[in-house]
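Going by the order they are written in, the chains are A, B and C; count residues from 1 in each one.
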Amino acid sequence: MNQFELEMAVSRLNLSYANCIDDDRLEEWPSLFGDPCFYGITTRDNVIQGMPGCIIYCDSQGMLKDRISALREANIYERQRYRHIVSMPVRVRLDGALVRSETSFAIYRTVRNSPTELFAAGCYRDELSLHSGGELKIARREVVCDSPVFDTLLAIPL
Amino acid sequence: MNQFELEMAVSRLNLSYANCIDDDRLEEWPSLFGDPCFYGITTRDNVIQGMPGCIIYCDSQGMLKDRISALREANIYERQRYRHIVSMPVRVRLDGALVRSETSFAIYRTVRNSPTELFAAGCYRDELSLHSGGELKIARREVVCDSPVFDTLLAIPL
Amino acid sequence: MNQFELEMAVSRLNLSYANCIDDDRLEEWPSLFGDPCFYGITTRDNVIQGMPGCIIYCDSQGMLKDRISALREANIYERQRYRHIVSMPVRVRLDGALVRSETSFAIYRTVRNSPTELFAAGCYRDELSLHSGGELKIARREVVCDSPVFDTLLAIPL
């Protein structure tokens, strides 16, 4: 793959990721990751200060699936949907069989019968594994939110 | 066209669509559609519940032109402009001479002398007809808004 | 470069531009411009009315660097970060050794310990110079903000 194709492939993965969350096909979400993997949510302040801790993290497909099961079964949170606007990826580079990239996002939330509101903005810092046929899986996704102010309930994946 | 080129062609149509609305070249907007065509605005709740009704719909270029004429002549709405941020398209697939795709959008509105505000987020669910030379026209665009809360006056196209 | 490659090259420049601002690598920002160059911030109303004046403008790399130095040294503004969401470029055309294009943006601002908020939306109207190896530099960037309502302190570049 040349650089154009690589950027388009990363973009396509990001769009599929956003689309399965926004369309509430959450059961597809773990399949976009490798196994083992890393999925963590942190803040820009944490990253700037070099603090490795995450507010939420998962390190296997099983943990990702557990998050979705819990969300489906508990179902105590107010009904809501996200809308991801993801930009094209930046700083995309192939490093062996791993693609490193960063992608800015804005997420809007619509709680039933209310106007849509901005929920979070930030960037994905990713390591993607390149498989045969050009398919990419998420080996590591760090979701870096710009604001440290969070809804207490991060039920739906960012 | 390969898959990359197809996605870029859909993206380009979406950007032209957004650009003619945002730049107030609304008279160009109907020419992006085929004739007959379908343009309808609905909500995510309607789509989830399988309700086919649309808040607004047009099924010919003539009806699209009428909307723009009415908007230009009546001109009773407060002066305002939109800014579309459209993502790259997702689920893009060629089905005969028809391209199916979905594209997430956020629309910001600026009413004269006020700060810019989020107006709507949602997705376009499209069927695009592929013409010779690779040109795409909108055969069907369903504008699915995330929130059921609308401004009473949807004057400018979404 | 064909049209696809040209659009991807413009997109890549826009993403690098956004990324160096959002990651606070502001010292890299002037290097994305040619020298001499033009960087100006204006409003949609000014553009519609054909008024050439800009709220802020720089016409050399030196002036761009001065802006960053002043921002770093004065440092009296409240700590804040931007997040740019830039769309793909539209109306991209090669005109001799100059690429003309327009790109819509939304900028979110996060002031320390506060939620992220929309700061500005608008579009970049650009003239980019095409150098050997396909590298693009900004010859002229007019930042057209949709709203005339501005924070008094436009410290960080838009």
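In this section, a contact is a pair of C-beta atoms (placed from the backbone, for glycine too) under 8 Å apart; a residue touches a chain by one contact, two chains touch by 3 or more.
Worth saying up front: this structure is predicted, and the values here are computed from it rather than measured.
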Open item on the list: chain B and chain C share one sequence, so how far apart are they rotationally when you fit their Cα atoms? Give it in degrees, rounded to a multiple of 5.
Closed with: 120
Task: Type of chain A:chain C copy interface by residue overlap (half), same or different - done: different
Task: Distance between the centres, which are taken as Cα means, of chain C and chain A, whole angstrom - done: 27
Open item on the list: Multi-chain contacts only, two chains or more: what residues does chain A have there?
Closed with: 4, 85, 87-88, 106, 118
- [ ] Would you mind writing out the residues of chain B in touch with chain C in their complex?
- [x] 4-5, 8, 11-12, 15-16, 18-19, 22, 81, 83-88, 106, 108, 110, 112-118
Open item on the list: Per the contact definition, I'd like the list of chain A residues that touch chain C in the complex.
Closed with: 4, 7, 44, 85, 87-91, 102, 104-106, 118, 120-123, 145-149
